[in-house]
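Quick one: the structure is below, and I'll ask about it shortly.
By written order: A, B, C, D and E. Residues from 1 in each chain.
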Amino acid sequence: MSAAGPVQGSAAPFSEALKHAVLILGALIVILPFYVMVTSSFKSSHEIETSSGGVFGSQEQFVDEYCVKLGNERDECLRTPIVFNYTEAFRQAPLLRYLLNGVIVTASIFLIQVAVALPCAYALAKLRFWGREIVFGLVLFCLLIPVHAIALPLYIMLAKAGLTNSYAALVIPWTISVFGIFLMRQFFKTVPDDLIDAARMDGMSEFGIVWKVMLPTAVPALLAFAIFSVVAHWNDYFWPRVVITGNRDLYTPPLGLREFSGGADGSMWGPMMATATIIVLPLIVAFLLAQRRFIEGITLSGMK
Amino acid sequence: VEIEVGYPYSHLFDVTYEKIMESFKKEHPEIEVTFRATYEDYEDGTNTILREAVSGNLPDITMQGLNRQQVLVEKGIAKSLEPFIAKEADFEKDGYHKAMLDLGTFGGEVHGLPFSVSLPVGYYNMDLVKKAGTTALPKTWDEVIQLCQKMSANGVKNPMFWGWNITGNWFVQALMWSQDKPIVEDGRFTIDSDEGLVSLETMKKLFRGCDMQNLSWKEALASFSAGEIGMMFWSTSALGAVERAKGDFELKTAEFPGIGQKPKGLPAGGNAALLVSTSDDPERLQAAWTFLKYITSGLGAAAVAETTGYMPPNKAANEIILADFYKKNPNKETAVRQLPLLREWIAYPGDNGLAVTQVIYDGIESVVVGDQDDMKALQEELQEEVTDLLPAPAKGS
Amino acid sequence: MAVADLAEGQLPEQSRGRRRDRAVRGIGLGTAGYWFTAPAIILMIVILIAPVAIAALLSFTDYSLGNDGADWVGLENYGDLVGKSTYTRMIWATATYVLVVVPASIALGLGAALLINSVGRFGALYKTIYFLPVMAALLAMAIVWEFSLHPTLGIVNDSLARLCGTGIEDVSGFFAEGCADGFPLWFGDKGYAIWTICFIGIWQAFGFNMVLYLAGLTSVPRDLYQAAEMDGAAGAWDRFRLVTWPMLGPTTVFVVTITTIRSFQVFDTVEAITNGGPAKSTYVMMYAIYEKAIQHNLIGMGAAITVVFLGFVMLLTIAQRHLVEKRVHYA
Amino acid sequence: MAQIGLNGITKSFGDTIVLQGIDLQIADGEFLTLVGPSGCGKSTLLRIIAGLEAQSGGDVTIGDRQVNRLRPSRRDLAMVFQSYALYPHLSVQQNMETPLRLRDLGFWERAPLLGALLPGRGAKLDRLRANVREVAQVLEIEHLLARKPGQLSGGQRQRVALGRAMVRKPVAFLMDEPLSNLDAALRVHMRAELAQLHRALGTTFVYVTHDQAEALTMSDRMAVMMDGVILQLGAPSEIYRDPQHRKVAEFVGSPRINILEAETDSAGRVAAHGVQLQRRAAGCGARVSLGIRPEHLSLACERDNEGWPFTPTHKENLGADFFLHGHVNGGSTRLVARATPEQAIAISLGQEVRVRPDPGAAMLFGADDRRIRFLEA
Amino acid sequence: MAQIGLNGITKSFGDTIVLQGIDLQIADGEFLTLVGPSGCGKSTLLRIIAGLEAQSGGDVTIGDRQVNRLRPSRRDLAMVFQSYALYPHLSVQQNMETPLRLRDLGFWERAPLLGALLPGRGAKLDRLRANVREVAQVLEIEHLLARKPGQLSGGQRQRVALGRAMVRKPVAFLMDEPLSNLDAALRVHMRAELAQLHRALGTTFVYVTHDQAEALTMSDRMAVMMDGVILQLGAPSEIYRDPQHRKVAEFVGSPRINILEAETDSAGRVAAHGVQLQRRAAGCGARVSLGIRPEHLSLACERDNEGWPFTPTHKENLGADFFLHGHVNGGSTRLVARATPEQAIAISLGQEVRVRPDPGAAMLFGADDRRIRFLEA
């Protein structure tokens, strides 16, 4: 669909081709690191460090030093890079466990955020009460606070409550999403007042209105918010690293990356890139599934 | 009994502990060891312990960078090991290097037992060295510079990488110790000494004379592996990584060059085991001590050398158990040969210790990137800033 | 309160003529508003406001983790902030980053949205590709970028080097230098590092802006384009000037606000790649806070930077709002 | 018993006073329309009756109960909104069931899974479904029950909204401009349907509109509101024929009533633009206004000097009738007169004719806009 | 010279054919209205004239130029949109200036800063501002020039949209339901204003609406479209009086024309529901439909057995008139008749009366919906 409205037939094929050329060039630049990531996940350390091996690597077998160090014969430790990288990603870093943690954490964060934000957004958008503007001002102020900046006080508070090294520690600081409140408020503003009045006339309580009327109508906006929230917390590295100092069983997927970052000893690039690839996959799939309603949701949220 | 242990660099040491645990479990089936989430690096390790101290969920044993022990001791988090040593019949015989034991001794009491020790060494791509028309490896920094120039003349674009950016100002301390001068003496920062100036000038000569690029370790490792860098000065601990990633060329390690002569001393890198348990249970503490002793001596310690580029802190392990191993791995022996030079990796005292590290790092970086050419000025600047950050020296001493 | 009306404007309150905000105070809902906002308020206070307050307090002390107490040092931490060259560079790095990334990622986002909106096919594909960086873990991507930008082995310099000898070095000074002395170190060269970090920031952010603009474009009435066409705006540029850009005004305000706040918060790439170097050229504020408070365990200092940081972001948001507001039309 | 009583209702939003004391008794089964220009407070009044807005002062009674502090859902009223306000995510069936479920099922019976286990719930559900089906039948929307509101046309949505209101068998229906979103033809059609429905149900209807045609055609009584007060209350024909206030006269009737400036002489004789009326009014020497509806102006084609000289400038063809727009006396006073198509064709624009008011049809308004009665001859 | 010619215009969107061959010649200075039910293709046709949509077949000519491949901006037409399509960020002044700027200023002269430096720009700007002021004067919106569209009422926006179209002095105005967003009273008012404007400007107007009242009141000629074809083209009164097609008869006129089933006997005599008409039609023995407008039905109050027995079920009060809705012969055939208020009051609902068609007013339509002429007596 042309923004300007085609006048006579479609736009000139030349300009169309030019547009595609520009877009493809941009896409190449955007995709470059993903290309590097995926191809690296196919290669052996040696090929990666020396930047050889083409797209898929030579898949020449190499010796897994780890295995040798454990006292095995070198012959037993021959590995094919692609297999090694991906199995290692799931073995060394128990990625399945991490992925599961990621799902648990992001899902609980999202659900709690919604549970907290929705009534608040509804009240801010549709109810009149003394102090409403102050609360909204508070929301806007909080929008400016990056959690990294207040990580330490937060950590200490959690620690005093004895909550470090638990799912709670991963979830609690994110239970309030001011962005979510802001976004949902914008959306609710576009919901006709009449609908709410009608629900009141029907005998619905305010609580019922939030969950039975506003929630179903807000699905597109929620979807948009879900993408923001899930992307942010699925990929968060900083916070889990701060609070999870005990059991590795609570690691979230990005922490799986550090299993392979070896500091002075150099990193295990292959498995690391394999891990990175695996981590990003679920999000891409989710985005593809949600894409249309997601954009619709942003549009309707008046986030503009 | 269950004890909890935290250690850094999972990728590096996972295999070591896996190997150690194999035999430890056999010898001490009653002790169950749980490993905590690994620390990303030494700084992360110290910060984690500090945070855990506040929140009260410390592990029993933590492996900390040699230069990070002091902070934890000062803050009263690390426990003295003397009570346990006293109970051991003939502790000394277990073969700890005196020098190594000193690394973990504070106020006359042993707090940390070193676990893995590294020293700076030189890595050489012999193909490029030969290309420069020689096979002799440099003994002094001046020779290094000459070799650089020969390499450059022979088309090596990037002849040398020098690990100035290694954590804890390790290489600066290496230059200072080469002249047998500690960087902090009686609580006083000593860069303003003659030795300090020599160190700075040496670095400048090296960076300029070799046209050294400002690479991060990862980049340097990649470039060296790809055969683009002729020589690289770094910790011996990276040997595993270099060997794994290196391209098709002959790799040799050699002793760390000195200033005009053989170095008089070198700082020890690596980590030590500290007892930070908050438990009152004597049984648990005993178990912790048992584990601690096991991994720092004998078979446990040998595993360090076998699985990493580090050296075990233990004479017995080095000289008896590993004699054969070093014959097979001459590149790993280089550091062992330097063992007599072992000196302390000095921590800057006080709360600002890490900030001091950063100040010195920034100072050297300014030389590397070419911002600073006047070493005298840099010397004064560093002295002033660091003195500012260090606690005033105790009046008595 | 200033902040309140600050966002009130970025939100087009769809005040359709007389039908004003008819939020209701009816019978029997007296306290619902308080019940509904209470959890959010409590959480905001406990999780966000309280730590900020604690940080503000700590900024006047020399607290350090593991110490039993802390000394009140007054404004000393703030004094350091003003006095030390490190912090001057911090401001520079942050300002550079924000001033580069915000306009560039917005321009690219808008450009991409317009192009995607105007091509007949593959729009969804481009959209997905451009959105990829938003979804990827920045940490992983930082590692990959570091990899790709390796001075000699990285795919970028490698590709650039392949162009050497094609005559391009006669045309471009950059290539002439690069082919002779090697292409830039990117992260190791203080002349390039911050720009490279900016580049990654733009790369990461523009897809997000693109999506917002795409959403904005769908709500531009098609009538207006036709009206413009009838008025004689035959060229694409005229239509953009007359319709698209003004109609995207509210979207732009939102995008600018969000992008600015996010740019101020840049952290992952710096932490993963440059650690603030070389020569503090990428020493952005968030990283400074992290370095001081968490790495160096100088919590007082870190807190002081935090306070300054919040002040900056707030000032900027308000200033930007007052500048922009008059020019933006809210439908 | 469903009279609705409003006693001295006032309402202000902050500083702006929207209702300034409304008294109104609505009889059981009556179709009462609130008309008035936009912003006069009609919706506010309706919402106060519904309980969706709290009045600032005064009482609302339903039956003989004072309901001031009763929740909307407890007042047993049903409301139909301008925007229909159907739940977009529920099917028509579910939309119509909602008020019944909320009224008849207990809290636990409404719970998603658990509810299904409770005894007696099935029977209740069956009953309310039957109820919905019945109403759907009456409204002829049975075939739509499975659809979502998004799949319905405007008129169908309108009916579903009505249905949702009807299922509860409320004591009164409140409707806020329910037809204003429909297009002209459908609006006319729905007007008739609503009137019919009212007759069939016999329930009280309170109907808000700013469209006087709707008010005139449907209501038993209409209340004309302006600026927060009721100016006149009465049967539509009475309000049209006999407005008590100039603003009422102007608001009701399309095209608008013609208003001519006039004076009364000392004898109470009224003269406007040189024409004197037969009848006399009380009061003297005052400036007054004369109101004459377009259909009460007759063409006096022959130049017999009767009535006003009138120059038509525009003929408006409405098919069945023509409206002639023009000026009086060549001056700037505009006048509209109704003519049959035959008459209209005979007249050419710009050509002066004469128009005169039908006897007894003119109305007189004082300077305060209040109606002035003619003295009976 | 601004006749607009449409020759065999067809248009399809994918498979759906929207216009099936439209031929229409619009004379210079004419006010032509396109009416028809929603979806019949009116807007599409207008947009084809404007060039905003490309026809699938046929030619568009303006003056004597064939403009098939000319861009909209080059056709020198102005369009007023239903939504007004004012630039919301520009003031009224700027809105009205836009077409002039785009036409009269060069690309560089329009550039934000640079433009101000170019010589001659100031003079041009002054000229076009004067132009805008002039048009604003005509439309009486001078005092609004500084406002933004958001601050205007519906009617004012409407006028600004007109103004923006007028400044260019285009060869013709195209308007797509320009009044449909206004409320009833304003719509009536603007109708008169538009007609007046047309007379004043003397430019061609092509006007699209689905509201037959607009078409009837304003146009010189109206074209009634259904399903992509023009069913009838002619003066409004002609179309009202003399529709050539049953659908046209039904579409034009409010309330709708009454349609009664009827038969012709072998002699051509027409009988409907037991009543025989005076006049005869050609053809015989066929089922036909009889169309009688409500105003052509007279009440035959005395039971003189003339006309149809009629039971009114609902009296619709429109103030000036009443419409009686009811059934014929007690059956299901509905009928609407117009009555004066006096007559209406005399009749009570449910009480049977008789209605008869005015002589000569009934129309006959064949089974194919085409008009059947009565034979002249």
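By our rule, a residue touches a chain if its C-beta (ideal position, glycine included) is under 8 Å from a C-beta of that chain, and two chains touch if they have at least 3 such contacts.
Just so we're on the same page, UniProt names per chain: A, C = Carbohydrate ABC transporter permease; D, E = ABC transporter ATP-binding protein.
Here the structure is a predicted model, which is why all the values come from computation and not from measurement.
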Spelling it out: a chain qualifies if it touches chain C and also touches chain D; which chains qualify? A, E
Looking at chain pairs A-D and A-C, which one is connected by more C-beta pairs in contact? A-C
Averaging over Cα atoms per chain, report the distance between chain A and chain C in Å. 17
Please report how many Å separate the Cα centroid of chain A from that of chain B, as a whole number. 37
Whole-angstrom distance, CA centroid of chain D to CA centroid of chain E, is 27
Measuring from the mean C-alpha position of chain C to the mean C-alpha position of chain E, what distance in angstrom results? 54
Quick check on chain B: which residues sit in contact with 2+ other chains? 51, 54, 218, 222, 226
Quick check: what residues of chain D touch more than one other chain, meaning two or more? 38, 47, 52, 71-72
Which residues does chain A have that touch at least 2 chains other than itself? 5, 7, 48-51, 197, 200, 242, 261
In their shared complex, at which residues does chain A touch chain D? 192, 194-195, 197-204, 208, 213, 216-217, 219
In the complex, chain D residues that touch chain A: 47, 50, 52, 71-74, 77-79, 81-90, 98-99, 102-103, 164
If you look only at chain C, which of its residues touch chain E in the complex? 221, 223-224, 226-234, 238, 242-243, 246-247, 249, 328-329, 331
Which part of chain A faces chain C closely enough to touch in the complex? 1-5, 7, 10-11, 16, 19-20, 22-23, 26-27, 29-34, 36-37, 40, 48-51, 116-117, 119-120, 122-129, 132-146, 148-154, 157, 172-173, 175-176, 178, 181-182, 186, 189-190, 193, 196-197, 200, 206-207, 210, 231, 234-235, 237-238, 242, 253-254, 257, 261, 269, 272-273, 275-276, 279-280, 283-284, 287-288, 291, 294-296, 298-299, 302-304
Chain B touches which residues of chain C in the complex? 62, 64-67, 86, 146, 150-153, 182, 185, 187-190, 273, 277-280, 291-292, 294-298
